[in-house]
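Shown next, in structure tokens, is the structure this report addresses.
Chains here go by letter, A, B and C, matching the order in which they are written, and residues are numbered from 1 within each.
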Amino acid sequence: MNNKGILKKITGNHLFFPLVCLLVVLLINVIKTPDFFSISINNGVLYGYIIDVINRGSELVILALGMTLVTAASGGQDISVGAVMAVAGAICCQILSGGETSVSELQNPMLIAMLAALVVAGLCGAFNGFLVAKLHIQPMVATLILYTAGRGIAQLITKGQITYVRVESYQVLGGYIPGIPIPTPIFVAIAAIVVIALLFKFTTLGLYIESVGINSNASRLVGLNSTKIKFIAYIICGLLAGAAGLVSSSRIYSADANNIGLNLEMDAILAVALGGNLLSGGKFSLAGSVIGAYTIQALTTTLYAMNVSADQLPVYKAIVVIVIVTLQSEVFRSFVKRMKIKNTKAANTVLPNKGV
Amino acid sequence: MGKKKTFSNTTFLLLITIALFIIMYVAGMIIFADKGFSKPQMFCNLLIDNAGLIVISLGLTIVMITGGIDISVGSVTALVCMASAYLMEMKGANVYMALICSLGIGLAFGIVQGFLVSYMKIQPFIVTLAGMFFGRGMTAVISTEMISIKNKTFLAWAQYKIELPIGTVSKKGNFLPAYIYPTVIVALIILILVFIMLRYTKFGRSLYAIGGNAQSAMMMGLNVNRTKFIAYVMSGFLAGLGGFLFCLNTGAGFVEQAKGLEMDAISASVIGGTMLTGGVGNPIGTLFGVLIKGTINSLITTQGTLSSWWVRIALSALLLFFIVLQSLFTSRKRKS
Amino acid sequence: MQETVLTMHGICKSFPGVKALDHVDFALQQGEIHALMGENGAGKSTLIKVLTGVYTIDSGEIQIQDQAIVNRSPQEAQDNGISTVYQEISLCPNLTVAENLFLGREPRKLGMIDWKTMNKKAGELLGSLNISVSPVQQLDDCSIAVQQMIAIARAVDMQCKVLILDEPTSSLDDEEVEKLFKLMKHLKEQAVGIIFVTHFLDQVYEVCDRITVLRNGELVGEYLVSELPRVQLVAKMMGKEFDDLADIKSDADKGKTQEAEPFIAAEKLGCTGKVKPFNVNLFKGEVVGLTGLLGSGRSELVRTIYGADKPDSGTLKIDGKETKINAPIDAMKKGMAYLPEDRKNDGIIADLSVRENIIIALQAKRGLTKPMSRKEMEEFADQYIELLQVKTASRETPIKSLSGGNQQKVVIGRWLLTNPEYLILDEPTRGIDVGTKTEIQKLVLKLAKEGMSVTFISSEIEEMLRTCSRMIVMRDGQKVGELDADELTQDTIMHTIAGGESGHE
């Protein structure tokens, strides 16, 4: 294969775009903060900007996995994921505290609390899935309901307070496993990726989701049940949001209904788009979304380094989303095609009689 | 086939909404009579507190009739409040400047979002979601601290009492008239204008046509892209105006302001009979949708012990109810 | 005296790679109903789009009442007096009847829409055309037939000289069709020239004065209805010369081993709006052909058996047992396979690879929890790429990159992989080169010999004669006849399709 062929193969790969974006952001980070990549160990625990990015990006990675499936299957997004995170955190902490505002001992087994939280998160996903798959309501409209009501429900669960669980064992999930220098959330993110990967290995869900997202008609005629598949996608998204919520809650060993997962839905959508996935559904790449998630997290770090406050971040992210979505739009792509045809026509007329 | 309905869907849904409002308000009057719920001022306060929301919701209704949506209106409101506060307090501008700036911000959002949706054919939800984040972020860029407005003219506009012929009689036998503020007048004028536009102008009817079937509308000679674009510009303008009215009511600008306002506006429209799928919508219904939201708010505030989050939850539940109702209507139509 | 209201002369229109119209002439008289007919790729819809301003012509001339016109846009066409009513109702369902009639040109008073005048005018217009519906009724509360008529009323009110009706009767029942015809005859009296695009033979003979037949972008001819027997019309549409009928009988050995019991027995099975209730028995080891003109209900019949369109009347027995098919997966589990006619929308899953497109049906049969291994998928894919000679860069190429014919082969391979007992092929050789066409025909015969029951639908009669041992004939949405081996000649087939003369029911 000649050089041109290799170049085409690389740029044509679907992971090219997300990797380039990641590299660009990392580059900007290194320029701004020369010791961006340096890692050190203090008190038996890893430190460093890059560690921070990977650590804090864990929830986003988990969310992005679910968002990818929902986008692929239904051509729309689930904007309730942040709120579902808050609900999951609220349920877990409330069970662990046995109803108190602040405890220093677990009032109930941690496993039960976490499982309950995941179940409820899954139910939220099922709720969304029902509206979208069965009632054919637009995904963003359907999930708008939990987006609004979710945090209110979380508040009610914690009785309007922030419930604190000041117990060391609860902080492990969002902090460190004793004796291991790598922050636990990183492991949780890896675990989520592994679980989904296994799910796709031992079932045909990945293929079905793509098929339904690409052509619902043809999928039906080959025997697929698009209602069931979309429903499953939303449940998985809910469960993953629940897991992310538990990690977030463990980080701050509390349930802050107002702040857990705040604005993360936008980041998750961005991650999916940056991962090279079409927001209108169809073929998807989980790897792309994971790369996209870390890119967003690194971008956030960059912006912080440039003294952009947390409240101002959304401006930049909004612009990035608009740019990507415009580039993905049909109108833009056919415009580019027409320009290409014009250029090749011009090129061809310039070189006459090139010989056969 | 479907001829059995004696009056259309729209009227039916509108009647449900109005009935719902009356039931809620009367219930409030009965349950909380001792806390002043039955006083005429209560109703006037309902209008005062929601004048901005009425205007914003009307803008949203216009866009939803064409089958689109705009979830950036809450952020636009916050941005308008913050910008106005900043201009008047930090830059010494006068009220008129602030008003023009607010309208300008609204228009800018409307033009950009309208272009992306109508001409670039990008999904309205994504565009306006980005708009929402952009607006919210820009609010923080202007200032992360709260700015209270002390501009005299502004406060005069905000608090100028317009007395009404109805009122209550105090213990001493004095007649205390109920009052409203100019913001309410503005909101009602906008309501009348929007009503006339939707019902009696070619442009208004073309909004419905496009929402009903954009392909057919195009084949019947309507310029779909341009009409949709103008709808978003209108919505943006009304969001700017409504935001300014909102500012007159709150008297300050801060980052967390009007969070969730877009939900209120969408809920008000949907509860008022606007179909999410487009083609159906009624400004009168939207007004009652806003009043319902306001009543829920008042009921819960007057009750005192329930958390304010219940308002959001109740509203979401109502929204859910109406969305499901609408989807049942559409699927029954599709079957017949 | 009838005046010519529309003349089209020497119309040519080409698209990249295909000549859609090649020197086509067309003439329409005032006050006549003129049918425009043709099979797939005839150029009917292109001719209409040229008239309505959707396309511009490459060469040729269009004249309205002896005045040359150019249609650059739908608006211009309308201004020139050409109105069109499309098959898909192009009105707004959420607006009232009156609004739909006057959308874009509402009567106004003081700058605002005058509802009272509009409703009154609407009532007058509807009354003058004998359409009994209230002007203030919401459009989607009206039946489809009435909606059609309202669309026509709108067109007529705009002072059109030429009214084009594009397949207006496809979704109407017999009673509604009669209402529509009454309206059309009324318009005739008002000197409107009507172009009636349709594939319903009976309707053409009931209400039309003249017929123009197109085939492969060329004009076959213009005929008076009274002077063209049905069989000749069918022959002209299919490109056959009726006189020079060679008795093209089947040459291949079709060794029909018909068992006593049918594998598939459909009794009064029907799907409202798509195909009228039919009785059909299909046996193992035979190839049954479904023939008829485009739109006669061939595809709809098999789709109803397969469950692609859910039947709402009658019963289906598979292997003697009554079965309810709620969705295609049920049919698949019972051993059925269906190759759809519309490859692009119903067949290929565009962004998925060739491999994935091949295995998807078999995978769906196996279920969610039993994924095939990569190796298995690759083997299956290679097997059918080889068997059907699919031209593809690799098995991972997205199917949308393949040519139409190769895409078709992949979809055929998909269904063969499921090892069906009953295989439905709807236009399997469309877009495929001659060499492969023959391969597929031979394959079909081989499968039947091995015991499969096959239903073969094609627009090419020779193809079916070579493969089928029996033919079911469709016309206008219902089954009108069945022909056995000895009756299988081109002659009898076309007679049965045409109906109205000889041919047994």
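Definition applied: a contact is a pair of C-beta atoms (placed from the backbone, for glycine too) under 8 Å apart; a residue touches a chain by one contact, two chains touch by 3 or more.
Bear in mind the structure is a predicted one, so any value in this text is a computation, not a measurement.
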item	value
Minimum number of chain-to-chain contact steps, subunit B to subunit C	1
Contact pairs, highest-scoring chain pair	A-B
Inter-chain centre distance, subunit B versus subunit C - centres from mean C-alpha coordinates, in Å	48
For subunit A paired with subunit B, centre-to-centre distance based on mean C-alpha positions, whole Å	32
Centroid distance [mean C-alpha coordinates] between subunit C and subunit A, Å	45
Contacting residues of subunit A [partner subunit C, same complex]	201-205, 207-208, 210-211, 214-215, 217-225, 282-283
Contact footprint of subunit A on subunit C as seen in their complex	308, 327-329, 332, 338, 340, 345-352, 356, 360-361, 363-365, 367-371, 414
In the complex with subunit B, residue positions of subunit A that touch it	76-77, 79, 131, 135-138, 140-142, 144-149, 151-153, 155-156, 160, 263, 266, 269, 279-280, 309, 311-319, 321-322, 325-326, 329-332
In the complex with subunit C, residue positions of subunit B that touch it	1-3, 5, 8-9, 196, 199-202, 205-206, 208-209, 211-213, 215-217, 219-222, 279-280, 333
Subunit B residues touching subunit A - in the complex, by the definition given at the top	69, 71, 116, 119-123, 125-127, 129-134, 136-141, 144, 255, 260, 263, 266, 276, 307, 309-310, 312-313, 315-317, 319-320, 323-324, 327, 331
